Amino acid sequence: MQRKKHKHKKKIQPGSAPGIYPVQENQKAEGDITLIKYNENCAGQQELDQIHQFKTLKEENFIHWLLIKGVDNSQFIKEISNEFGLHPLVLNDIMDLSIRPKINDFDDYLFISLEVPFYEQKTRELSEKQLSLVIGTDYLISFQEDKTNFFLPLFDRILKSKGHIRKMKTDFLVYAIIDLVVDHYTLIMQEFEEHIDSLEDIINTSDTRDILSELYNNRHSLTTLRRGILPLREIIRNLERGYTQFIGKNTFVFFHDVYDHSIYIIESIESFRDILATTHDIYLSLISNKMNEIMKVLTIFSSIFIPLTFIAGLYGMNFKFMPELEWHWGYPVLLCIMLVVSGIMLLYFKKKKWLGKDKKKQKTKVLTGSTPPQE
Amino acid sequence: MQRKKHKHKKKIQPGSAPGIYPVQENQKAEGDITLIKYNENCAGQQELDQIHQFKTLKEENFIHWLLIKGVDNSQFIKEISNEFGLHPLVLNDIMDLSIRPKINDFDDYLFISLEVPFYEQKTRELSEKQLSLVIGTDYLISFQEDKTNFFLPLFDRILKSKGHIRKMKTDFLVYAIIDLVVDHYTLIMQEFEEHIDSLEDIINTSDTRDILSELYNNRHSLTTLRRGILPLREIIRNLERGYTQFIGKNTFVFFHDVYDHSIYIIESIESFRDILATTHDIYLSLISNKMNEIMKVLTIFSSIFIPLTFIAGLYGMNFKFMPELEWHWGYPVLLCIMLVVSGIMLLYFKKKKWLGKDKKKQKTKVLTGSTPPQE
Amino acid sequence: MQRKKHKHKKKIQPGSAPGIYPVQENQKAEGDITLIKYNENCAGQQELDQIHQFKTLKEENFIHWLLIKGVDNSQFIKEISNEFGLHPLVLNDIMDLSIRPKINDFDDYLFISLEVPFYEQKTRELSEKQLSLVIGTDYLISFQEDKTNFFLPLFDRILKSKGHIRKMKTDFLVYAIIDLVVDHYTLIMQEFEEHIDSLEDIINTSDTRDILSELYNNRHSLTTLRRGILPLREIIRNLERGYTQFIGKNTFVFFHDVYDHSIYIIESIESFRDILATTHDIYLSLISNKMNEIMKVLTIFSSIFIPLTFIAGLYGMNFKFMPELEWHWGYPVLLCIMLVVSGIMLLYFKKKKWLGKDKKKQKTKVLTGSTPPQE
Amino acid sequence: MQRKKHKHKKKIQPGSAPGIYPVQENQKAEGDITLIKYNENCAGQQELDQIHQFKTLKEENFIHWLLIKGVDNSQFIKEISNEFGLHPLVLNDIMDLSIRPKINDFDDYLFISLEVPFYEQKTRELSEKQLSLVIGTDYLISFQEDKTNFFLPLFDRILKSKGHIRKMKTDFLVYAIIDLVVDHYTLIMQEFEEHIDSLEDIINTSDTRDILSELYNNRHSLTTLRRGILPLREIIRNLERGYTQFIGKNTFVFFHDVYDHSIYIIESIESFRDILATTHDIYLSLISNKMNEIMKVLTIFSSIFIPLTFIAGLYGMNFKFMPELEWHWGYPVLLCIMLVVSGIMLLYFKKKKWLGKDKKKQKTKVLTGSTPPQE
Amino acid sequence: MQRKKHKHKKKIQPGSAPGIYPVQENQKAEGDITLIKYNENCAGQQELDQIHQFKTLKEENFIHWLLIKGVDNSQFIKEISNEFGLHPLVLNDIMDLSIRPKINDFDDYLFISLEVPFYEQKTRELSEKQLSLVIGTDYLISFQEDKTNFFLPLFDRILKSKGHIRKMKTDFLVYAIIDLVVDHYTLIMQEFEEHIDSLEDIINTSDTRDILSELYNNRHSLTTLRRGILPLREIIRNLERGYTQFIGKNTFVFFHDVYDHSIYIIESIESFRDILATTHDIYLSLISNKMNEIMKVLTIFSSIFIPLTFIAGLYGMNFKFMPELEWHWGYPVLLCIMLVVSGIMLLYFKKKKWLGKDKKKQKTKVLTGSTPPQE
C-alpha cells in the first residue's frame, strides 16, 4: 500500500489575522451547490446557482442538505458563511485543508471537520480528503475538498427511501455520513488485512529493496490512517454521549455502533503496526542469516583450498636439494595427502553443521513454517 | 502455535443503509434451533423447526435457552430477530462476523457479542469463532458462527443438575457461558506456557527459518488473542459493576471471579510477548555470534596459510641468481621458518582467545545456561 | 534540519536565595521599551526611555502593550518589575532563559512564559527564544530574549486595524500572540513535512554519514520542539478552560482553535518521530543488505579462482615423475577442466540467486518502490 | 538468576461447574493444622488433628491464627471451608495454584491470595509459592502451598512478644504477614542489585552463550516478579485506603509504609529491566565491534600478502623470455619492491587506524570505562 | 558521567518486627547536633551535646532548625525520636538508607525523606545521599546521611538575612531546603546537557569501548536520577496543593515554582534518554557501515589479485607443451592482459561506488553533518 505524496499546501503566514482566511477580493463567487430536501413523504434534488436561493427554497418539516463541492474559491465559501452566519474560525477551518478532524459546538450550529481516506486499488495509492459539516436544526451543509461523488450511496437511500433515513431527523443524516466515512476506513482495513496475509509470499519471493519499500510504505500509511481515525473517534464519542443538543436521544444507539466500529479500526491499526514491526524484525534476522550462509560458503572454500595451494606451492619451489621431488611415488603420495587434508576439513565443517542442508532451507517458507511437498 | 488464515469475509459496501444487513429475499428461512428449558425441579431439551413454536413452549418460572447454530442464513436470523423485537443493529451485529466483542443494553434485552478462541492441537492451529447472546428476563438466545458442540459441558451441568446452575436465574447462565469462553482462553494460555518453556529446545536444535517462523507465529497469535480478550474484559467489568439490570446482585461475585481470570490472561499475554521479544533479541545475538565464529575460522586459516603460500611462491621464482636455492639446508631451514611463522600466528590467536573453546560452547544450552554433563 | 548548539547559560548557584535573581548593582538600567496604545478608534506606537514614563502615558479605555527587548540587563528588568509590582519569582523567570514554558496566575496579573522556535532556512538551523508575558486588565508586557522584530505582523494588524483585534480586549491580544507562536511551530512542521518527503532522495543518493547525520539531527530537533509545544498546549488549555479571570468568555472559541492547532502539531511530531524511526530501521536493513552484496562478490571471486589457482599450483610442482606434464594434450585438457569447474561454480551461484540482478536493484528507489523507466 | 520451570499444573476443564473445584470423594481428609492463640497477656501454639476441634478451643478476647500447610487434599480443604462457611469460589481459589493475587471482600470475612517469591542462593533458582489468607474478626486462616516454615519469624515475635504485635488486633497480623511477603521481594531485589553490579565482570570475562543466557534469565525473572508484585500493590492499596471493614484505622499507617515498599520494588524492577535492556544493546555493539576487529585482521593479512604472492607468482612463470629473471640483482631488487609494497599497505592501514591499539582495548572494561593499571 | 557503586547496605531480615529498626543496646548515643534559631530580628547557631538540651533552649516566636549529621548510631537517633515523639516507622525510615523518597503526614509533624544527588566533577562520579526532614510547627529537624556541609548556603542566608527567609515561617525553610535539593538536580542536568553536546566529539574521536562505556554510564545515571526525582515531584505536588497543614498559603507560590523546576528536570531526563538511545542507534549504524568499508577493501584486493595470481600460476605450470611460454612476446602480452583485467575490475568497483571517497568521509563529523574545511 503506497501513500500519495502530501498535497501541496500553502505555507502559512505567521501572524496573519487569526481566524480570518485571506479572501481574494477579485475572485468571482462560483461553485457547485446541490440541495437535497426530504421528509418522510417526499424527497427531491436540485442544483442551485447562488446560495441566497436557499432561503426561498427552505420549507418547514423538511430536512435540507446542502452539498458544496470544492472549497478553494474563498469568495464563494465566504458567501455561504455569511448566509448562515458562521464564525470566521469556521470559515477558516473549511478552507484550510491541513487541520485536524474536530468538532465545535456553537450555539446555533454544530461544526464537524473530518478526513475521508480513499484507496485507489489500481495504483495502490492512499489519499485523504477533507470533509466539513455544518449542522443546524433543520439543515446540514457538507463541504467537500474535491468534486467526487462521495455521497452517491446516501443520495440513493434518501431518494429511494431505503432504511429509516427518511423517517429520521438531521441527526440521523449526520450519523449516516459519519458511518459512510468510517466504512471507508473499514474497507481500507480489509485491504490491509489481505495485504498483511500476503506479506509471507512477498518476503519469500521478492528482493530486499522491494520488501523494505513495502514495509516502509505500509507503516507510513498506518501512521497516516491513525492520525485521521483517532480524532474521529473522539468526535463520535462526543456525539454519542449527547454533549451537543443537535443529536437526539434516539440516534445515540447508532452513534454507539459507529463508535464501536471506530475502536475496532484503531485496534486493527495497532495490530497491523505490531505485525509489521515483527515482520521487519524477522526479516532482519533472515538477512543476518543469509550473510551467515554466504560466509560459510566462503570459509569452506577458503579453508579447504588455501592449505592445499600452500602445499602445491611448497613443491613448486626451486631448491636444489628437495629429496621428495626425486621420489618416484612423491606425486601420487602428495595427492593422497591432499585428499586426506580436505577430507578432514570437510568432516570438521560437517561437525559444525555448516554443510548439507542448504537446499531444504531454501524451500521452507518463513512466516508460516509449512514446508511445501518436495518434488 | 500457528494462526489460521483469516476467514473470507464479505467486503463491506460503504454507505449501505446503516444497521441493516442485506437480507436475501429468495432465501428460505432454515436453521438449527435447540431449546433448553429448566428450573430447579426439571430440565428438558427440544429441537424446534420454526422459531414461532417458541411462543407456545414458553412457560412461567422456567429459564429458556435458545441455541441457534449458524448465522449465514439471513432470512432465518431475521425471523428470530422479528420474533423477539431485536433492533436492526443487533440483527446486523449477529450476522457480521468481523465485529469487535461488545455489550449493548437495550431496554428489553441485553446484547453481548464475543469471540471464542479454539485451538486444534493436531494442526497447532488457532482459530476464532463469534458467539452472540441476547439476554431477556427469562430467556437467553445464543447465536454460534458454526455448528460445533461448544456448549456440551453446560448442557451436561443443566440436565444433570451439577452445581448451582439449576437454582439460579438467567444471569447465572450468562456467567456460565462467559466463564466457558474465558476457560477457552485459559486453556490456550496453558498451551502457550508449555510452548514458551520449550522454546529453549527449539532454539538449540532447529534451524533458523523454523525458529523465526515459530517466533513470528507466536507473536501473531498473541496479538490476535489480545484483540479478543481486551474487549471481553470490558464486557465482564460492565456486568460485574451492575451497569445493567439483567444481572442480579448475587451473581456479582461470580462475574468478579471471571473478571480476575480475564486480567490474568491479559497479563499472561503481555508477559509472553515480552519473553518472545527477549528471545528474539537473544536469538539475533546468537546469529551475530555465530557469524563471529565463522569469521574467526576463515581469518585463522587465511592468516596462517597466506603468508606461508607467499614464502613458498617466493622460492618458486625462476630468478637465475637466488643464492638460497643453492644452499644444501635451504629447504629444511625454510620449512622450520614456516613452522615458526605459523606458531607465532597461533599464539597470537590464542592470546586473542579465538582458539580452542568451540566444542564446549556448542553444548551449552542458551536459554537455561545449564551445561549438560560432558561425555 | 540542524539544531543550534545550546546557548551558553550561566551555571546555577545551588542554595542561592530562592526566587531572587542576582542583580548586578553597578549596572545601569537601560533597555528598549516600545509602547503600543490602542482602542477601537485609534492606535499609536511610541518609544520610551524610562519605564516610569508609562504611568503618565496610560489612559483609560485603551489597551497598553509594552514591548521589552532584551532581558540581560537585570537592573533594567528589576525596575520594570518594581513599577508593576511583580513577584520576585516572576522577575527571576523573566531573566532565566532555561525555564519550562509556564503559566502562573497572581491576583493582579497573569504571567506566561513561552518558547518561540525560529527556523533559519539558509543555514537550516533551528533555535529557540524565550518570550515572557505579563498580562494585567488593561496592559500587557512582553519580554523578548533578543531584539528581533518578532511582533511585526501584529503591529501591522493593530495599526492598520486588520481583523477584529482593535475591537477586542487584552485577552484577544494574548490570543493573537500565542497564535503567532503556534504559527511558528506550524511553519516548522511544514518544513519538516517537506523534508520527510525528501528523505527518500537523500537515502538513495547520499552517503552513509550524511544520512545518519540527517536522521540524528531531525530526531534531535523533534525532541527539542516537543519540549516546547507540550507545556504550551497545557498553557493554552488553561486559558481556554477559563481557569483565569484575565481571559473573557468571548475569546474562549479562539483559544480553543489554537488549542486544536497545538494538538495537531504534537501529533505531527509523534508521526514524524515514528517515520524517522522506521526510516532508520529500513536504512539499517539496507546497510546489512549491502554487506550481503559485497560478501557475495568476494565469495564468488574467491570460490571460483581459489580452486583454479590450486590446480595451477599443482602442475607448477617440480616432482620428477608427474606423468601428466609429459602428455601432449595435458595443457589444453587442463584448461578445459578449469573451465568446467568454474562453470559449475557459476551454476551453483546462479541457483542460489547470487548472480545477475545487481544492476536492476541499484536503480529501485527504496522508500517508494517505484522503478524509474529503464533506459 | 535462574527461574524454576513452571510447576506442573492440572489442565483446566473448560465448562466445568464454575466455582466448584473437583473434590475427590474417596480421599481422606488429612492435613497439617497449627493453631496460634494470643492476646496481650499470653500466647500459645497447638497442633490440631481435625478442624472441628477449633470450635472448642476458640476463646473470647484472643486472636486465633490457623496455619494450614498443603492445599492438594481437596477433601481436607473442603472441610475447613465448610467449618467457616466459605464461598465455593474461595475454596476454588485456595486450591488453584495459578490464580492472580487478589483480594475479595465477603461480608463475614476477607479473602486475600498472594504469591511469595523464594530465592535459593545455592542453585540460584527463583520460585513462587501461593499463600491464601481468610480474615475474620477474631481469626485468620493462612493456607500455604507447601510445608516450609515460612512464618517462623512471626511465630517468634508472637510467642516472645517482640514489638507491638501482641497488643494489636487481627489487622496487624495481616499487616505483619504482608510485610513478610514484601520483605521477600525486597531481599530478592537486593540480590538483583548486586547481580546487576556484577554484570560488568560477567560481560568482560564470560563467553557469549553464558552472557546471553544470563541476560535472558534475568529478564525472565523480572517479568515473573512483576506479575506477582503488581497485583500485590493493588491489594495493599485497597487495605491502606480502608475499603474493607476488617482493617482498622490505626493500622493504616503500617499499610501505607508497606505500600511505599511495594512501589519501591516495582520501580526497582523497571530500572533493572531498563539496565538489562541497555546492557544487551551494549553487548550487541560489542559483538559487532569484535566482528570488525576480526575482519580487520583478515583484511590486513590478505591485503598485504595477496599482492606479494601475485608478484612471486609472476616470476615463477616459465616464459622463455623474461629478461628480469636474467638480471643479477633481480632477486634482491624484487625483495625490496615487496618490502616497499607491504610498507605502503601498512601505512595505509595505519592511517585508517586499523592498527596497533588492540592490546590496550582488550583491557578496558566496558561497563565502567575504568582502565586497570598497565603492568 | 559515571555512577558510583551502590553503597553497601545491610541485607534486610524478612519478618523482623515491622517498623522497628534493630537498636544496638550497647552503643553509646553520640552524634553531631547543630541548632539554628532565628526570627526576623536575630539568628544564632549553637552546637548541642545532647538532644535533651533542646528543651531548655527552645523559645517562643523563634524558628528552630536542628541539624543531625550521620544516622548510623541507632541509639542516638532513637533518643531524638523519643524526644520528639516520632512514630517507630519514622525512626526506621530515617535510618534505612534504601527507602524511596516519601512524605508522611502525622498529626503532630510532617515527615519527608529525600535523595540528594551529588556530582564530583573530578572523578565524574554521581552519588546519592539521603536527607530526612521532620517538620513541626516551630521546629524542623534535618537528618543527613553523612557529614558534608550541604546546608552551608542556607546558613549563610539565615545568618546574614539574605532574601525573605528570616521573615518567613518553618514552611519557607522547608521550601528553601527542597529548592536546594532541586538545584542540585538542575546543576547535574546542566552538566549532562554539556556532556550530550560533546558526545559528537567523543563518537568521532574515541574508540568503540570508550564510547559504549560512555553511553552505558550515562543511561544508567539517568535511570538513577529519574528514580530520585519522580517521587520528589510527587512530594512537592503534595506540598503545593496544601494537602498538609504545615505549609501555609503564602508559600504555595514558591512550591509551585520548585514544582515547575522538578517537571523541567524530568522532561530533561526523558529528552536525554531519547537522545542517548538515538545516539546508540546511530553509532550501531556507523559500526555496520565501517564493517562495510573494511569488507570493501578486502573484496577489492581479493577480487583484483586472486584472478591475476591464478593467471601467473597458470604459466608457472611445468607442462612440456605450453606454446605460449615459447612466444617471444608472451611475457609482455600477458602483463598487458593482467593490466586490462585489473582495469576492468577497478571500473566495476568504481561503478558500484566502492572506490575513492573514503578520505572525505573520514572527515565528516557524524552528529552535526558539518564538513570541516578541507586542507
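Going in written order, the chains are labelled A, B, C, D and E, and every chain counts its residues from 1.
By definition in this document, contacts are C-beta pairs under 8 Å (C-beta built on N, C-alpha and C of every residue); 3 or more make two chains touch, one makes a residue touch a chain.
The structure displayed is predicted, hence computed values, not measured ones.
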Review point. Stepping chain to touching chain, what's the minimum from chain C to chain E?
Key: 1
Practice item. Same or different, please, for the chain D to chain E contact, judged on whether over half of the interface numbers appear on both copies. Key: different
Review point. Roughly how big is the turn, in degrees to the nearest 5, that lines up chain C with chain D by CA atoms?
Key: 145
Practice item. Could you tell me the distance, in whole angstrom, between the mean C-alpha positions of chain A and chain C? Key: 25
Point to revise | Centroid distance [mean C-alpha coordinates] between chain E and chain B, Å | key: 41
Review point. Residues of chain D touching 2+ other chains?
Key: 284, 288, 291, 295, 298, 302, 306, 309, 313, 316-318, 322
Check your understanding: If each chain is a node and each touching pair an edge, is that a line, ring, star, complete or other?
Key -> ring
Review point. How does the ring run, chain by chain, when chain A comes first and chain C comes next?
Key: A, C, E, D, B
Check your understanding: Where on chain B does chain A make contact in their complex?
Key -> 2, 5-6, 9, 11-20, 87, 89, 93, 98-100, 102, 104, 106, 207-210, 212-217, 219-220, 223-224, 227, 230, 280, 283-284, 287-288, 290-291, 294-295, 297-298, 301-302, 305-306, 308-309, 312-313, 315-318, 322, 324-328, 330-331, 334, 358
Check your understanding: Contact residues on chain E for chain C in the complex?
Key -> 151-154, 157, 162-165, 175-176, 179-180, 183-184, 186-187, 190, 193, 197, 253-254, 256-258, 260-261, 263-264, 267, 271, 274-275, 278-279, 281-282, 284-286, 288-289, 291-292, 295-296, 298-299, 302-303, 306-307, 309-310, 313-314, 316-322, 352, 354, 357, 361, 364-369
